[in-house]
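Chains: A, B, C, D, E and F, in written order; residue numbering restarts at 1 for each.
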Amino acid sequence: MERIGFLKKEKIEEYLQSLSKKGELYVPVDVGRAVKFEKYLTGSSICLDRPPTLPPKSVIYPQSERLFKFKFKKDEGNVDLIEIEEVEDTKKRIIFGARPCDSAGFSVIDNVFIQTDTPDVYYERRRMNSFIAAKACDKPSAGCFCIAVGGGPFDDSGSDALITELEEGYLIEAKTEKGSLFLDWELIEPGDDHLEKKLKKKEESERLLSEYLGELKKIEPLDPKTESFNDENFWKRHLSKCISCGLCTYLCPTCYCFNITDEKKIFEGERIRSWDSCMFFHFTLEASGHNPRPDKFKRFRNRVGHKFMFYPEKYSQLIACCGCGRCIRFCPVSVDIREVVFELQKPRRV
Amino acid sequence: MVELKEKISEVFRDTNLVICWREGFDPIHATPHFVREESQIEDSIFNLFCVHNLCVYLPFLKEKAGILVKGCDSRTLIQFLQEGLIRREDVVIIGISCRGIIDVGKLMREVLYEAVTGVSIDGDSIKVKTVSREREFQLTSLLADKCKICRYPNPLIYDHLIGEPVESKVSWDMAYEDIREFEKKPLEDRLSFWTKEIGKCIRCYACRNACPLCICRDRCIAETRDPHFTSQSVELKEKFMFHFIHAVHLAGRCVECGECERACPVGIPVKMMKKKINLEMKELFDYETGINVDDKPPMYTFKAEEEKIKEHEL
Amino acid sequence: MRVGVFICHCGNNIAGTVDVQKVAEEMRKIPGVAYSTTYVYTCSEPGQNEIIEAIKKYKLDRVVVAACSPRMHELTFRKAVEKASLNRYFLEMANIREHISWVGDDKELNTQKAIDVVRMAVAKVMNNKPLFSSSFKLTKRVLVIGGGVAGMQAALDCADGGLDVVLVEKSPSIGGMMARLDKTFPTIDCSICILGPKMVDVAQNERIKLYAYSEIEDVKGYIGNYEVTIRKKATYVDWNKCTGCGLCMEKCPSKNAYDYFNFGIAPTRAINIPFPQAIPKKAKIDPNYCRYFLKGKCGVCAKICPTKAIDYDMKDELVKEDVGAIIVATGYSLMGVENFPEYGGGKYKDVITGIQYERILNASGPTGGHIKRPSDGKEPETVVFISCCGSRDKSVGIPYCSNFCCMYIAKQAILTKDHLPKSQSYVFYMDIRAPGKGYDEFTRRAQEEYGVRYIRGRVSKIYPRGEKLIVRGADTLLGIQVEVEADLVVLANAVISNPDAAKLAEKLRISYDTFGFYVESHPKLRPVETNTSGVFLAGACQGPKDIPASVSQGSAAASKVLALFSKDVLESDPQVSYVNPNVCVGCMKCVKTCPFGAIKEEELRDGRKVAKVIETVCAGCGICTSTCPCGAIQLQHFTDNQILAEVYAFASGK
Amino acid sequence: MKVINITKEFDSKFIEQVAKESGENPYLCYQCGNCTAGCPFTEFFDYPVSQIMRLLQQGQKETILRSKAIWLCATCETCTTRCPCQIDVAQIMDTLRVIARRENYVSEKEIKLFFDTFLESLKKHGRVFELGILLAYNLKSGKIFTDVDLGPKVLLKGKIHLLPTKIKGQEKVESIFRKLAERVSGNE
Amino acid sequence: MPQESKKELRIIGFLCNWCSYGGADTAGVSRFKQPTDLRIVRVPCSGRVDPLFVVRAFLSGADGVLVSGCHPRDCHYSDGNYYARRRLEMLKRLLPFFGIDDRRFHYTWVSASEGERWQRVVTEFTKVIHGLGPLKIEEGEEIG
Amino acid sequence: MNNRRYAYYSGCSLESTAREYNESLKEVFRLLNIEIKEPEDWSCCGSSPAHTVDPLLACALGARNLALVEKMGLDVVIAPCPSCFTVLKRAHLKMKKDPEVRKKVNEVIDEPYNLKVSPKSALQILYEDVPPEKISEMVVYEIPELKVAPYYGCIVTRPPEVAEFDDAENPISMDRILESAGIEVCDFPFKTECCGAAFGIAKKEIVNRLSYKVIQMAKDSGANCIAVCCPLCQQNLDLRQGQINRLMGTNFQIPVLYFSQLLGLVFGISPKRLGIDKLVVDASWITRSMRKAEKKVGNKEKEPEAEEE
């Protein structure tokens, strides 16, 4: 079912315009000092030459979403009633220009929200109505390590289509049925002739990345028996510098933790779900005032544990990290999660 | 470098902990380095990428520590002392006279975030080698904005000093020209500017946690429901609320180290708001943060007769 | 939650311009409001019963009363809900009378405003927490500051009521201004004759501990538990040995010392007893004039003293006293004569102030009660009195009336005639203020019987001509300039606060007005109380006052203290701040900003340092709460969330 | 003495006008009489200053503007200096004079004439020509011999110029007069 | 106090209990008519007014915010208004930086006896806010 | 503050009837190293006639001259004549206080005035900017017979809000200046009583009666000479002393000198240059009784001793 098409560079604008008529189209846009997915508007300048600062996670899994609205009412007998108004989001969303790691991130979240007995309807509905075209990476960016966690610069898992930027245009390969959305246009020419160039590009890109990574090339899921994992001093040694902000989790394509709050006004209110971060003190704060993870060391250990130990344990050795490197690239104090995991895997020093 | 390591060793013997820098995951990223063992001293560095204000770790650190500070960072220590957040006898300060540091974010953007494999600095130029090519830049073009208007290149407080004193020709007015320029814009433009900038905020709180003076950290009211100043919704007004909390709580306390702005992943000019307040603090109370240990932060004191605060007419 | 809302008509006061039924209906729609009604006079007994019944019937757990200002009836309704077994802090009031019905004409808009305001009160009450006062013990001793007539009266009344009194007087003797007066108006009683016995009573009362020549150094603590530090100033005479024989004063060679008691009208000795009836009657050295202190030699007094009481090396001494209440009776000062250059004040010796003239008239004064003018000791024939010197004069910053000058001028004019029957007195006045009992009759007598010539107008200038002083003024009733050739001019100089009044007020944490007079809690209903509980006022430290008023206040303050001490324990107001130690980050900014010193640093078991409120000291201002960045310290009943609830409720009305 | 109907004959506009032009509040006066007591001119006045102030509070425009007192005030500032209510009484007198002149009430013609002559000279020469003023004044007032006894003393001592000094900026001074006059006629 | 139209704007006032709330009471007792837009929140002291309350009010839909306390020197708690003065002045100068007209926020001092002054403050402030119209802080394009 | 430069606005009187004030003051300034510069092309300030016609006119006439000084780049202007001083100072204060007035006035004058000048009287300069020791140092003559009544006149220190100098009721600056120059000053109660001011021409009688009071008081105070700082006072007391004698039946022969003339005399400037001969009431006895001053060696150390009983 694989289909291949080619789009000339000069046609991209026209192409995106047509695409935006099919649904809400999101493209990476340079907003000054950051690249961010925004709704495509005519004239928006799409930015494909560098990795987006924020992954497109929020398009499908918004930072805060209203689950439902509620209204307070009273019946005849002055008894309080609550009227609930469900939110049903069936909008079609198209993401153009994600990176392969970003798409892979959705697969991690899918496991939790969809591949379960009690799927999350809000996420599921959005995910099913979304179309993702990922752009393959030519060169590694600072902190990239997708190949170390099973991905790759041309990896297509989680994407409906894969785009390779060539000199004269874009090679678009549909990877799923939904992917044909990106090809069924008159603007698209047959693309088979360009396949070879693409493969060369792929090889080159993978080479550059593995050279860049050196010995960090492969990260395995952590063994639950990893000794250092429970060693407070280990975490102190490596994470004293962590300032415990939520940047790493909020920029992460695979982090999906959330919090649910009711924002109540006098006569009405809403239940909202918003991203939360395991790096925050309040994440595990219990109503009693007790907090099982009161300090940043315990919190960071949880983050590493979750991505490289607990999640793989539950989901057939799949690491909950797509190696996009954002948490390393943008960490204010340059905490390097690769280094931490690598150190954990090393035999313990005596 | 030899001098640096010698000084660190000397201080380490006294404190058993020195907070300094080492090289990070690539050549253009330095990372804070907690020296707790003699052997770690070898890794310590000071270069143009040692951007962090290490003072952020000091308040509530339960042990005596040595710390490295640039001129700008040193103001933080004075502010801490003013507010009684640290005790002078608990820190040993190694001050570094600084000619400016590199805006790493700017450099990464210049090289399109391509992975950097090497840098070499030669006089005023810097060669940056990425996985695919090599580029050369003028150092001045990559200098952090705060360094261009630095008035305190030399540490204002220290026990040990490294480097020759650096002269600054920046005046107060020059340092705040950006704010005055911004204020010339019409009110509506200012509102739409912040609507756009604050609209980008993802409330990751990196700005807050990177700020050495944001001492509430885990207890920040931007996250609590008691008091419930703001909800977790990403509505613009809630984001505004967070930034107001941040700015108001730093009134008369921000030392303009710029860590908030540097930490922000989406590039909100967070520091501008604090600079604006500092400008007013100077105007109203002739007060400048982090200069004099004996000063009192103006929001926590008062005068019965305020020379500069006039009653407002309607 | 089951909130009951009670909307008061206040007769027609509210219902006239607010549709109270509609307000009640709107409140009924609010979730959590279980009952909403209106009543004609909610504050009346049946109105209160209505609330009590409704609480029981509808199982209400919170109550909102929308009526007049809470400053009026909050306590009334708190007591009412308490009767129905609800915590009194589960009551909120919405002010729909003073803030709405009385200030807006448009019924529709008023009603909308009332709906918003009551909704805000409902929102707040839902966030209210039950609060409970705690009780604490008190020290049943009282400190009286100032040994003038007001302070003495207060001290004696307290002692009579069985309290131990600590009386602190700044000057070497008690007696204050009254001790300096010759006669009192309108009865022409001898002042010291009626005051003297009181002074002796103070001295002899076993319950009164007198610290003369002492000042308040520091005040710590709170109502019921004050710790006061008193500075006993060095007198250089051991008062335990001094018998007050006066030999030293007689022999002292330094004869030109300034006489504070006599307001410098004549010099005194460097070692002196201020006046014959002084209590304590002890000598004191003024080191500014003493030859021993100035030149290092002399020692005459030390040689002559029969009890060897002189101690040149004496130092100030600090003593501590624990008291439960404080009465401030520090009195007043007078504007100096040098403030009137147009009258030649300070330049012409025969231009003097009223109190100086009082000393000249006084038999125990420097002239032995013979009227002699200071310049040449001659008996004056023409005496001019000028009222309102500085008083009611905005140009010198004193807009107020000094209260008793009109009366003492009349008295002094009468006494002048008594002393010197040939003399003629003139009084320049703007208005004669004589509202007391027998007062106006007195000023009339001065004119009718004693022939004192009253001129309605002010004096503009005084200049000498030969031995005379030319007083040039206006007779505004005639509209002409007039001149009097005077031998002596007496200025009724303005009453001002003590120069150190502000300093003392800051130690006591009481308020003072622009003129340095202490401010009472309420000018009508709490005239001797201050805003700091446990501190009371008596006499002219609160504003110019004559003797009867000062004495009444002294007694009033004493009765307040006695009432306070009739309880064995005191209850603290639970509307104080509270620190949640789990949230406090220990930045201690609250400690620095608390005006009452009510917050201290405390170390928890885990070594964390956090702030802690001393409940009995906290006055409930909430500065700490708005200072605390993390919301750890919350002023109970006005917590962030309670105020925010009102803001959000405000916002939800459209 | 005339009975004044203080309700009908109360010119509140006049009070406002004086208050506005002088910048002083006449109601602050509580009639202490200090101004009258100190005024060196009281003996020459028909109404003492304090009564002028009272008349003003009573809105007695006619009586005030017809009074000689407002012209005989020499602005010595004694009243202003001593007023306990901090009223600039001299300023009020000045304002009353200005209003009287504007509304053609002149009870002291010589004084007005002297002022006019003075300003005329100033306008003409840019500076004041004292001999010219004296001569012009004497001519216009008809009191030809005013101070002739003093003339020789001054002239002999060489203290007074026989000819006016005219300055370069005279036109500029004149233009100030002209522009202000235009303002008035332009109803500013 | 004629109001141009019945259209009210949203004005919230934080008043200290001892002086300004009393002043507003005095105005009421004296029947000094005022525009009706203002809604009053009673606080113990102007020093209790966290500048963030003002911000929160604006961000929750207030078009104008008024804070009133005791005159300097007259604070019931002796220092509260001194702190308030500094903090509120800071805020007043900060608001326009964000594009919020500083005239929308007014802080002043009204004593319990100054009913007339309170009337003037409310009337004038309401006039100012009506002159400025509603405050609009608009959401940009929302994602998701 | 030595050797600083001031603008000097002499005013019309000092050019004519009060030229001895002008000349003597300039001599004294020269000796004390006070540099002065006259604004070119200054015009009359309008004196009292201007403000009785139109307050704006008075303000404008003053402001024009202040603007001239401003253009010279100087920030203080000395106006020796109190009448000029008052007009200039009032113009300055009014324009400072009221932007509306500032606008209106600047519209009618040729160059705008930007409030950068403070007008001061000659008395103020000599009292505030010259240390008394410096005056004492300059003294070369003493006049033992002389006893002076210091007469300030009504407006040099009043009202205090305008003058912003010395005491309004009992000024002492002239007393102190003369005392530093070794001249005996008597206690004079009428320092600020009005002499009748500008009514000399229009209301001669008033002026004569008021001036009489002043001279009589000087006499009563034991003075044999009156020191003044105002051309109008000088004129009223000196020139009209004959008229007064005739009117009041007195026989005053009290010389009325500008305080600067007295200073000049003891500083050793020739009486001629000081214009002593221009006085109407003969003052030659003063010059005759002058004698070389004994230089008091080390008089600075000699503090007046505390009064012993």
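The working rule: a residue touches a chain if its C-beta (ideal position, glycine included) is under 8 Å from a C-beta of that chain, and two chains touch if they have at least 3 such contacts.
No experiment lies behind these values; they were computed from the predicted model shown.
Path length between subunit B and subunit F in the chain contact graph, taken as the least number of steps between touching chains: 2.
The set of chains in contact with subunit A as well as subunit E comprises B, C.
More C-beta pairs touch across one of B-C and A-B than the other; that pair is A-B. When every chain is represented by the mean of its C-alpha atoms, the one lying closest to the mean of all protein C-alpha atoms is E. Mean C-alpha position of subunit C lies 32 Å from that of subunit E.
Centre to centre, using the average C-alpha position, subunit B and subunit D are separated by 68 Å.
Mean C-alpha position of subunit E lies 55 Å from that of subunit F. Centre-to-centre spacing of subunit D and subunit E amounts to 49 Å, using the average Cα coordinate of each chain. The residues of subunit D that reach two or more other chains are 43, 78, listed in rising order.
Shared interface positions of subunit A, defined as residues touching 2 or more other chains, are 62-63.
Shared interface positions of subunit C, i.e. residues touching 2 or more other chains, are given as 342, 461, 593, 627, 640, 644, 648, 651. The part of subunit E that touches subunit C in the complex is made up of residues 3, 6, 8, 10, 12, 14, 17, 21-22, 24-25, 27-29, 31-36, 39-45, 47-51, 53, 56-57, 60-62, 73-80, 83, 87, 119. Note for the complex: subunit A touches subunit C at residues 72-74, 78, 80, 82, 265-267, 289.
By the touch rule above, subunit C contacts subunit F in their complex via residues 253-256, 341-342, 344, 347, 461, 463-466. The touching residues of subunit D, counted against subunit F in their complex, run 21, 40-41, 43-44, 72, 74-78, 80-81, 88, 90, 94-95, 97-98, 101, 108, 110-111, 113-116, 118-119, 122, 126-128, 130, 133-134, 137, 146-147, 149-150, 153-154, 157-161, 165, 167-170, 172-173, 175-177, 179-180, 183.
Of all the residues in subunit A, the ones that touch subunit B in their complex are 31-34, 36, 49-51, 53-54, 62-64, 139-144, 208, 211-212, 237, 240-241, 243-247, 249-251, 259, 261, 263, 272, 274, 276-277, 280-282, 328-330, 332-336, 338-339.
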